[in-house]
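Two complexes follow with chain A in common, the first pairing it with chain B and the second with chain C.
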Partner chain A sequence: MAAVTRILIRHETILGILFVIALFVMAAQSDRFFTTANLLNQARLMTEVGLIAIPMTFVIITGGIDLSVGSIMGLCAILVGVFWQNVGLPLSAAIGLSLVAGTLAGFANGIIITRFRVPPLIATLATLALYRGLAEGISQARSVRGYPDWFAQLGQGEIAGIPTQLWLFALVAIAGIFILRATTFGRTTYAIGNNEAAAEFSGLPVERTKLLIYTASGFISALAAIVFVSRVSTTRSDMGNGIELEVITAVVLGGTSIFGGRGMVIGTLIGLCLMQILQNGLSLSGVRGDGTTVVIGAILIVAVLISNILGRFAND
Partner chain B sequence: MKSRSFHVVGSLGQEILLVLVILALFAFVGWVNPRFVSENNLTSIFVGNAYIAVAAIGMSLVIISGNIDVSIGALIGVLAVISGLLVTNGYPIWFAWLAPLIIGSAINTLLGCLIAYARVPSIIATLAMLSILSGGLITFTGGQWISGLPSGYQLAQFRLLNIPSPVWFMIGMTIVAALLMRYTAFGRSVYAVGSNPEAARASGIGHASTVVKVFAIHGAIAGVAAVLFATQLQVIQSTTPVGLELVIITASVVGGVSILGGVGTVVGSTLAAILFAAIGSSLIFLNVSAYWLKAVQGVLILATVLADMARRRRTG
Partner chain C sequence: MTPVIELAGVSKAFGPVKVLTGVDFALYPGEVHALMGENGAGKSTMIRIASGDHRADEGEIRLDGEARRFRGPREAQEEGIAVVHQELLLFPSLSVAENIFLGHQPKTRRGFVDWGRMRREARELLDRLDCPQLDVDQRVAKLSVADRQRVEIARALSRKARVLIMDEPTAALAEADVQRLLDVIRRLREDGVAIVYVSHRMNEIFAIADRITVLRDGTSTGTYPVSEVTESSLVSMMVGRDIHQLFPKIEVERGKTRLEVRNLSRTGLVEDISFDLHAGEILGIAGLVGSGRTELAQTIFGVTPATSGEIKVDGSPRKIASVRDAIANGIAYVPEDRGLHGLVRPQPLRENVTMAILDRMTKFSVIDTGREQRMAKEAIDRFAIRARDARQRVGQLSGGNQQKVVLAKWLATDPKVLILDEPTRGIDIGAKTEIHRLMGELARKGIAILMISSELPEVLGMSDRILVMKEGRLSAVIDRKDATPDKVGAAMMRTRPEPAAAGAVR
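Then we have the complex of A and B:
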C-alpha cells in the first residue's frame, strides 16, 4: 500500500512539475498568456469539462466508465430551451427540471449497470446514442436563443472578480475531494475498483455506491449543461458532443488508473489544467480547434502508457 | 463444447428473428406506403448502406475478441479521403481502390499492438484514435469536399447481373467471414480469446497475436467499406460521418454479437445492418422526422443488450 501511495504521489509530482514547466514555456512564448484576464478566461472555458471530470474520477476509480456524459449534456441543454420557450415555464423552473432530467438519465445508467449487470462501457455507449437521439428528436435541430440577462450571469458574469462558474466548480471539486478522501463512501469507491467481488463479500454496499456515482455523474453533466448554455447564450442539440473524450483524458492524465482502484481528485484537477494550458498554447500559436483534438487524443494514449509502465514498476 | 453448440443455436435464433423483423418491416411500411418497396428505394437502401454492413463484419470480429472500436467511423472517413485524393492526383484507379485497404490495415495493426501488447484498453486506445483521425482529417482538408473524380472510379455504382456492386461486396464478404470464423483455427481462436482469455492462453492460443490479427483484418475491411462509401457519389465529403461508429457497433450488437465477447456471427451483423438501413428509410416513408433515427438506434441497442444479459443470466 505504501508503494502504491508513493507511486501516486510521484505521478502527481511529475504532473505538477510538468504543469509548472508548461506555464513557463507558455509565458515565454506569448506575453498574452500570463495575464490575469487570460488565465481567468481559460479557467472559465475549462469549467464544463472540469465539473464532469469530478464524478468521472469516481466512476473510473470503480473500474467503470461513463461515455454518455456529453449526450446527457446535450439533452439537458435542449430541455432547458424547450421547457422555457416551448412549454412556457419560468426559466428557473426549466433549469430545475433539466437538472432532474439529467439526474434521472444518470440514474438510468446506474440501474442498467447495477441491476442488469451490463458492462458500463456498453451501457453508456447505448445511452450515449439514446440521449443524443432524444436531444435531436426533441429539438428537431432547432436552437433556442434570447435568454434573459440574469441567466447569463452564471456563464459570463463574475463574483468578486472571479468567473461565477468557477465558484460552482470549486464547490463541486472540494466536495469531491472530501467525499473521496474522508468518507466511507470514498473508501467503498476504492474498494470496488480494487476488487469488486471482495468488496461485495465484505458487506460493502457495492450496488448502491455505483448507482449513486452514476446518478451524480448525470446530475453534474446537467449542471455543466446549464453552465454551458449560460456561457454561450444558446442551446443546440449537438452540445457536449465528444466532451467525454476530454473528460476521460483529464482524469486519466491526472493519474487515475483506467483499470480502477487508484486515483485522486487533485490529480484530475492538475490533469485538467495541464490540458487546458496545452489547448490554449496551441490556439495562441495558431493551431485551430480541430488540431487540438488530435493532441488530446495523443495525450490520452501517452498518459495511459505512462500509467501502465508506472503501474508495472509498482508491481515489481 | 456443449456451450458452443448452444451459442450457435442461440445466435441462429437471433438471425431468424432478424429476418422476420426485416420482412415484417418491409411488409408493414410497404402496406402504408407502396413506394417504400419500389425497386428504386430498395436499391438506394442497399447501395447507401452496404458499406455499413461491410464495416460491421470487422467490428463483429473485434467485439467477439472481447474488444471494441469507436474509431471506425473516423477511419472510414480518413480512408475515403485518401482514396479520393489519390485518384484526383493522377494515381491509377486500382491503386486508389487498393490503398485504403493497406493503410487501414496498417493503422489498425498499430491500434491492435497498443491494445494487445501495451495493454491500453481498447475503448481508450480507439477513443484516442477517433479524435486523432477526425481532428487530423478536418485540419488537413479544411472541410473541403473532393470533386472532379474520374469516370470509372465509382465502384459502388457498378452493377453485375443488374445488382449493384455494394450488395455483392456485402454478401460475398459476409460469406467469406462466416466461413473463416466457423471453420478455421483462426476463427476459433477469436472466439476463444473473447470468451475466456485465460483459458485461451493456457491452451496455447496467442492472445496478443490474435487480437492484432483481428484488428489488422478489421482495418482492411474498413478499407473496403471506405471505398464503397467514397465511390457512391460524384463527390467525397472530407469530414467523418458523425456517429457512424455507433451505427456500426449497433449493427454488430443487434446482430447477436455478445458485448461480453466470445459469441456471435457475422451473418447476424449484416442482417442487423440491413434492418437498421430499412428503419432509417422507413422513418421517411412513415413521415417521421429523421431526427428521431438516433433515438431509435439507441433504444434498439439498449434493448438487445438487456435481452442478451437476461438470456445469459437465465442460462448461466
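Then we have the complex of A and C:
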C-alpha cells in the first residue's frame, strides 16, 4: 500500500493545508466565523451531506456513482411525514418504515446495476427521476409540520455540548473508515475499482459487494432524510434536491478517484469540512451564493489537478 | 522481374529483446506469398515494418528495386501497401461506402463529399470482389465477419493497393467463407496484386500459396516454392530445435486420479470434453488460438460454468457454478492475461498474494495484515520475486515477477489441480526456466497440472500427455513418448478431427 498511501497522504496534506489556509482567511474576514458556536453550527449543517458522502466514497471507489441519493432522501422525508400524519402510525414506526424504504430504494439500484448490468450512471440517473417523482406524487405538494419535541432533539439538540446528529455522523464515519481499511469488504471494494475482472477471477464476491454498497447508500440517504426532517421540523418533497452533487464534490475533493480504485474516508471528511467552511466563511464576509459556488468549483479543479500531477510522479 | 517490395537483412529489437535478425523477404507482383511461423516468431513485426508501422533497426526496404524508408504507415499506404488486420479496423456505425473511402472520400468541386461517386465506386469495388449482394449503405455493425473482411479488402483496393498483406484472414471465418475468400485472392492475384498471406492453416496454404517463407525465433529459415514442401516439413521448420533438451522435465510417478472431466460442454464454447488428470502429472493442452483451450480452462474453473457434463475432484462429483466453488474444491487457475484477469496491478504485492484466500485471512472479517505481510514475504523468498518489499505495487514489477506473484497467489489456495494458461507468455528466458522448474516441483508434491500453451516446444517439453483441441473439441490425445512436433501440429490443424481420437482419452 506504500506508494498508494503516500499519494493519498499527500493529497490529504494538500487538502489539509488548503483547509488551514481557508480557516485563517475566513477568520480574518469575519470575527463571527471562528467561534465555537458558529463552527458547531456549521458541523450541524453539513451532517446530511456528510452522512451520504461516506457510502458514496465506497460507491466511487468501485468505479460507480449514485446520483439517486438526493431523491431517496426526498422520498424518505416525505414517507416519514405521510406515515406519521396521514397513515397515523407512531412517529418511531414511521421513521423505521422510512429507513426500510430508503434501504429498498438503494437495493433496487444495486439490483439494476449488478443483475441487469446497467451502468451506474444511467441506472441511478433513472432512479433519480423515479424516486423524486414518487416523492412528489405521494406528497401532493403538501408539507408536513408539527413534529414532537423529542424528535427535534436529533436535528436541533445537543449531547455533551455537541450537536446530536454529529454523534451519529461520527459513528457512521468511524464505521466507514474501519470497514474500508480493515475488512475483506473494504479490500474487495478497492479490488473492484482497480480491476473488476481480476477480482472476479480471484473468487471475490463482486456482485454481492456492489449490491451491499448501493443498499447502504440508500439506507444512509434515508438516515440523512430523518436528520434533515428533524433539523428543519418540516417535510417537503423537494428535500435533498441536488444534494448528490455536493456529496460527489466532497468525495472527489477528498481524493477519491472518479475512475475507481483509490480513495479514503478521511479524505472525504476533509473535503467535506473544506467545502462547508468555504460556504460559511464566504457568505459571512458578504460574498453572494453564486460567488461561493464559483470558489468551490475552482478549489475542486485545483485540488484534483494537483493530485493528478502528483499521481503522475508516483506512477513509473 | 523485380520484387514489388523487398526486405533485405532486416533486424528489429524492442529494448533488449531481438525480434527479427537479418530477415530477407521478397514479394513479386501476382504471387501469393505465405508467411508462417509460431506465435512470437516475428511475423507481426515483419508485417509492421513492411507497412511502415515500425522502422527496422538494420537492413533496408526496397520498393521496385529502390531503397525506401517509410516515415509512417501513411507513406506506405500511398505506395500501395495495405494491411488487412486480424482484428478488422472498421467503424461499426458508419456505412460500407463510408468505411471504404474513409480518409480519401471523393470530393465535389466545392469540397463536399461526392456521395454519388463514392457509392458508385464502392459498388464497383465490391462487385470486383464478387459480393454483389453487399449493400453499400448498410451499417458495418450489421455485417457478418466475412462481409466486414470484404469491406476491409475493398478499402485496401480503393487505395490502389499493389501489395495486400493479410494477417490470419481466415481465423474467424466459416469454411464456405474461406473458400470465397480464396477465390477473391486468386482473382486479385490475376490482376497482378502481390499478396502476403499469414495463416496457420495448412490446407489453405497449400491451396493458395505460390511460395512460402517460414520464420523461426526472428530469423527466416528460407523461402520455398510450395511444391518443395510438405505439411510435416513445414511444421518442423517452424518448431526447429531439439525440444527435450530445453526443458527441465522431472520424471514424476503418476499418482491417483485428481480430476475427472466427463462430457463437459459449455454451449458455444467447448463441446463434449472428457479426460482424466492424475496427481504429479503435467497434462499439456495444445491447439490454435480460438480452439477452445482457454474456454475449457475457464469452464472447469467456474468462470463460464458448464452447461452439461461432470467434474470430479478426488473421485467425488463437484458442482462448480462459480469461481468460489472452484477454489473451494481445490482448483486454481493462472489466467492467460495477467494484467486483465490475474492481478490487480495498482494494489500492493501482499494484497495480490492473498486475494484468492482473503476469507481465510480474517478474524471476524477483519484482515490479519500481520499474517498477510508474513505470507507475502514468504512468497517473495520462495519464488525469488524481485520486488522492493511486500508493499510494492504489482504493476511496477517486470512481467516475469508479476507472473510469479500470480503463481504465489494461486498456490496460496493450496490447490489439488492447478490450471496454467500460457504460463510463460511474454516473460524473459530466465523467469521462464524458473517457472518450468517450479512446475516440476509442484508435480512432485502431487499437484495435478493442466498447462495450456501456444508454444509447441513448451507443450512437448513439459507435458506427460498432450490434449490437442480444435474447434472446441478434443481432436487427439498424445503420450509423451509418441509426441512429435509433426504429430501435434497435424492434430492442431487437421481440417476434420478424427472422431475416434476423443474416445481414447482415459
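Following the convention adopted for this analysis, the second predicted complex is superposed on the first by the 285 of 316 C-alpha atoms of A that agree within 3 Å, B and C clash if a C-alpha of one lies under 4 Å from a C-alpha of the other, contacts with A are read in each partner's own complex, and residues count from 1 in each chain.
Please note the rule applied: contacts are C-beta pairs under 8 Å (C-beta built on N, C-alpha and C of every residue); 3 or more make two chains touch, one makes a residue touch a chain.
The structure displayed is predicted, hence computed values, not measured ones.
Enquirer: Classify the contacts of A:R262 with the two partner chains as first (chain B alone), second (chain C alone), both, or neither.
Expert: A:R262: touches chain C, not chain B.
Enquirer: Between chain B (first) and chain C (second), which, if any, makes contact with A:L128: first, second, both or neither?
Expert: first
Enquirer: Does chain B (first) or chain C (second) touch A:I248, or do both, or does neither?
Expert: It touches chain B, and chain C stays clear.
Enquirer: First (chain B), second (chain C), both or neither: which does A:G297 touch?
Expert: A:G297: touches chain B, not chain C.
Enquirer: For A:F24, is the partner it touches chain B (first), chain C (second), both, or none of the two (neither)?
Expert: neither
Enquirer: Give one of first, second, both or neither to describe whether A:F201 is in contact with chain B, with chain C, with both, or with none.
Expert: Once the two structures are laid over each other on A, A:F201 reaches chain C alone.
Enquirer: Check whether A:T184 is in contact with chain B, with chain C, with both or with neither, and answer first, second, both or neither.
Expert: A:T184 contacts chain C only, not chain B.
Enquirer: For the overlaid complexes, name the partner, chain B or chain C, with more touching residues on chain A.
Expert: B
Enquirer: Mind pulling up the chain A residues that touch chain B in the complex?
Expert: 65, 67, 112, 116-119, 121-123, 125-134, 136-137, 139-141, 241-242, 244-245, 248-249, 252, 258-259, 288, 290-294, 296-298, 300-301, 304-305, 308
Enquirer: Using the touch rule from the top, collect the residues of chain B that touch chain A in their complex.
Expert: Residues in contact with chain A: 68, 70, 114, 118-121, 123-125, 127-132, 134-136, 138-139, 242-243, 246, 249-250, 253, 259-260, 289, 291-299, 301-302, 305-306, 309-310, 313.
Enquirer: Please output the residues of chain A touching chain C within their complex, sorted ascending.
Expert: 1-4, 182-185, 187-188, 190-191, 194-195, 197-205, 261-262, 316
Enquirer: Using the touch definition from the top, list the residues of chain C that touch chain A in their complex.
Expert: 303, 322-324, 326-327, 333, 335, 340-348, 351, 355-356, 358-359, 361-362, 365-367, 389, 391-393, 396, 409
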